[in-house]
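The letters A, B and C name the chains in turn, as written, and every chain counts its residues from 1.
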Amino acid sequence: MELTLEELAKQVGGKVSGDPLATVNSVATIKNATSGQITFLSLKSLRKFLAQTKATAVILKAEDQQNCPVNSIVVENPLLAYAKIAGILSPVNSATPSIHPTAVIDSTAKIDKTASVAAHAVIGKGSQVGKNCQLGAHCYIGENVSLDEGVHIYNNVSVMDNCTIGARTIIHPGAVIGADGFGNANDQGKWVKIPQIGAVTIGSDVEIGANTTIDCGAIENTVIGNGVRLDNLIQIAHNVEIGDHTAIAAMTAVAGSTVIGQYCMIGGTVAISGHLHIADRVTLTGRTTVLQSIKEAGVYSSCAPLVENSKWHKNYIQMKKLDELAKRLKQLEKLTSPTDKN
Amino acid sequence: MELTLEELAKQVGGKVSGDPLATVNSVATIKNATSGQITFLSLKSLRKFLAQTKATAVILKAEDQQNCPVNSIVVENPLLAYAKIAGILSPVNSATPSIHPTAVIDSTAKIDKTASVAAHAVIGKGSQVGKNCQLGAHCYIGENVSLDEGVHIYNNVSVMDNCTIGARTIIHPGAVIGADGFGNANDQGKWVKIPQIGAVTIGSDVEIGANTTIDCGAIENTVIGNGVRLDNLIQIAHNVEIGDHTAIAAMTAVAGSTVIGQYCMIGGTVAISGHLHIADRVTLTGRTTVLQSIKEAGVYSSCAPLVENSKWHKNYIQMKKLDELAKRLKQLEKLTSPTDKN
Amino acid sequence: MELTLEELAKQVGGKVSGDPLATVNSVATIKNATSGQITFLSLKSLRKFLAQTKATAVILKAEDQQNCPVNSIVVENPLLAYAKIAGILSPVNSATPSIHPTAVIDSTAKIDKTASVAAHAVIGKGSQVGKNCQLGAHCYIGENVSLDEGVHIYNNVSVMDNCTIGARTIIHPGAVIGADGFGNANDQGKWVKIPQIGAVTIGSDVEIGANTTIDCGAIENTVIGNGVRLDNLIQIAHNVEIGDHTAIAAMTAVAGSTVIGQYCMIGGTVAISGHLHIADRVTLTGRTTVLQSIKEAGVYSSCAPLVENSKWHKNYIQMKKLDELAKRLKQLEKLTSPTDKN
């Protein structure tokens, strides 16, 4: 596909600086783009590459335009404009409607005629696959699953019984949706399994990363809102609820029954305890540990700082007796100012 | 299935308060239960819903009985009684004995005639599948694997060569049992693979979560005891041993050759170093890091506290020089009380 | 296979002490080895088992030789020598060249006649499978994938479109190579997917653990160097580059665009932020969190220490106000020595 800058600028509400009829056919990085390619400048750390770029055009902010040696499309949010333009120039191949002869589909499942089902896929009783859905190789769709239109299930994904997935949601390889939650009652030391009879409800326009697991609810459903983004290797326990448009980076774990608000941004390797409420618009930086509910929007952090190992050993010893250290300080304050303190 | 409270109370050793002949057919949450349903009250935080419950009956402790507006089954451990009653009212569908024609089973494998093997399953040479086993779609059972009776292997599970799995053990989708441990010897900077020739031995009545990985032993076997519970996305390295009835929550990693005792309760996102011994009945709260053996039963924790990001930045700076801070405090103590201190 | 100590010593550049014609046929642990077996002594903590070993021979360092009651092969690095000898005595079964009839292979894919492709494998358009490659059951090889000779892909592995894998690389079950990176642009609160059009380039002699995920690049490729070792359940985000011979233990997460040097040793459950540079020969101990680039080789750590839960609660309170505590200390220093400090 070859498009003029004028056409692309129109798609993203931008303004062309330079030749509006120059054409591009693909995207590239600012460092390595060549003629016929369009790139973008979003991170300040990449500004140093602007002067030497060989791209035909750069998507950038007005403030960077004067330093751009080539054509540009000026926008407020270059990353967003790039996302849209890359989507136009590099469209995802949509599979041809078809059902591979090796797929095993229960006779009571309803597959829309515009859907595609790849080799060795398995679809259980009573499940429904909507318009333009794409189901990858070896994917497993259990019983009574509902996939709304345009859902893209990659290879090796498991969607267990009774789960519901909204329109245009994308699920990457190896993700497991709706496996049993971790529910156990203790009987004199031994564990008795608590049946996990809920399912998972996933909204529209969600994206779920590779090997991520979202457990089914214990009684009622685990709920993932619309527009949610989950990265790879994330654990969402039973009965968690995640609000619309919240994004969570890789390897974060959310324990059971916790409710996360809308528009949250949660970093990678975060751990969130169970039965908490996280307010809307909370940002948790990477590796944060959350043991209590967060009632107000804002940016929160935890995690211990990196130092040289030898120094860490020494700090570690003090960290183990920090309470004692604080008491000693208090004692000293009393001593040095006996009339002011208690 | 419709049962009287009297029948259910008998199954769980409880006492009916109200109409023993009232019947229920399903379970529900205390908040949303309606007529014909039974619920339970276990968490104190849910007590507020008791007065308005529309359930036909509530499983609860004696102390809550007087505030219950409907029938109840009084027990000592409502969660345990609920687990049993839910198991009765919501039985897991047991698959009909059958071998799907697309399954690929080596001619030397022995599959009990009461077992079920789903579509596209693969079973290798010399493996044995016991009575009433259920093997899910796309599961992979390697060579010389032994599955005792009633084992339930979900779809997409991998059980590698020579592994042994005890009766009634359940393995959820995507789990990998017996892949090579991480064994490498260093040869002037380059890594040489150490063959991993052990297997994994899993006891009876174990449950293993989705996408969890349990590596085979380097020489001898990795061992998971009876009644163990492992949540999703857990890493168990080679030659780890986990004692009977220990439970581990999601995304915890246990490094090689560590031995964990019986009846331990290990939270999510815990990290345990290799070659350690963890005593019986140790509880590790979520996100704990264990770098040394734990010799006595008890509750242990680590993890840094969450604060507002701005405050965390300031604390972080001090945490990096905590040893220096402690030294300054000591110096001050000497100064203020020079005759008492060294 | 039965070999003399003389033959084995020759393979590993070692020296036999005792009977060079004694034969062994398998490896075992120093504790449980019996006649006909060879073992090794590498960890000091296992020295106590040397005096009682029933092995036919022990691979050990010169310093341990005098305490060895049986034959020995004396070498500088017993673990390395063991790795090589175990590889000789316990060779991995190489599959017979064959393509299972249930494999689904696109007509444009080129499979070398010496390769083996197991049941239900799927190989897409234009992909190339080199000499002696082994592809496991249910593995998924996308379009235009290139596997160099001797690549071993285990069952359930996904290798997505356009990825390249170097000679003799091993990928364990459930790993996902080349799924979309986590790229999203924010449009007034809603996320817009940034197309991920790069792939993953993996070098030669690499090993990748079970259920590990390596995302494709956003524009250019994610790159894994030669001889790299990745354990299980690791997350490698888009455009990460990992230098040759670096090893990373389980459940570590590396965020997007971070470049890790050669010969690094990175422990388990480490978290590394995005857009950082980690120098060559950096060691990160387990559970370290890296928020800034590391410019010099060395050993670095973070992570909070484990203590009894009650003590941790008290320390936790002080950790939350560590900056305040440091200010109080400074104030006290001023008070006690007003003429020396500011």
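Methods note: a residue touches a chain if its C-beta (ideal position, glycine included) is under 8 Å from a C-beta of that chain, and two chains touch if they have at least 3 such contacts.
For clarity, every value in this text was computed on a predicted model and none was experimentally measured.
Peer 1: So which chains count as neighbours of both chain A and chain B?
Peer 2: C
Peer 1: Compare the two sides of the chain B and chain C interface and say whether they are made mostly of the same residue numbers, over half shared, or of different ones.
Peer 2: Different; most numbers are used by only one of chain B and chain C.
Peer 1: Just curious, how far off is chain C from chain B if you go by their C-alpha centres, in Å?
Peer 2: Spacing between the chain centres: roughly 25 Å.
Peer 1: Spell out, as numbers or ranges, the residues of chain C touching 2 or more other chains.
Peer 2: Each of 102, 120, 138, 156, 174, 211, 233, 251, 269, 303-305, 307, 319, 322, 325, 329, 332, 336 in chain C touches at least two other chains.
Peer 1: Residues of chain A touching chain C in their complex?
Peer 2: Within the complex, chain A contacts chain C at residues 27-29, 32, 43, 45, 77, 79-80, 82-84, 86-87, 90, 92, 100, 102, 118-120, 136-138, 154-156, 170, 172-174, 207, 209-211, 227, 229, 231-233, 245, 247, 249-251, 263, 268-269, 286-287, 303-310, 312-313, 316, 319-323, 325-326, 329, 332-333, 336-337.
Peer 1: Can you name the residues of chain A that touch chain B in the complex?
Peer 2: Those in contact with chain B are residues 102, 104, 120, 122, 138, 140, 156, 158, 160, 174, 176, 179-180, 182-187, 189-195, 197, 211, 213, 215, 219-220, 233, 235, 237, 251, 253, 255, 269, 271, 273, 275, 283, 285, 288-292, 294, 298-305, 307, 311, 314-315, 317-319, 322, 325, 328-329, 332, 335-336.
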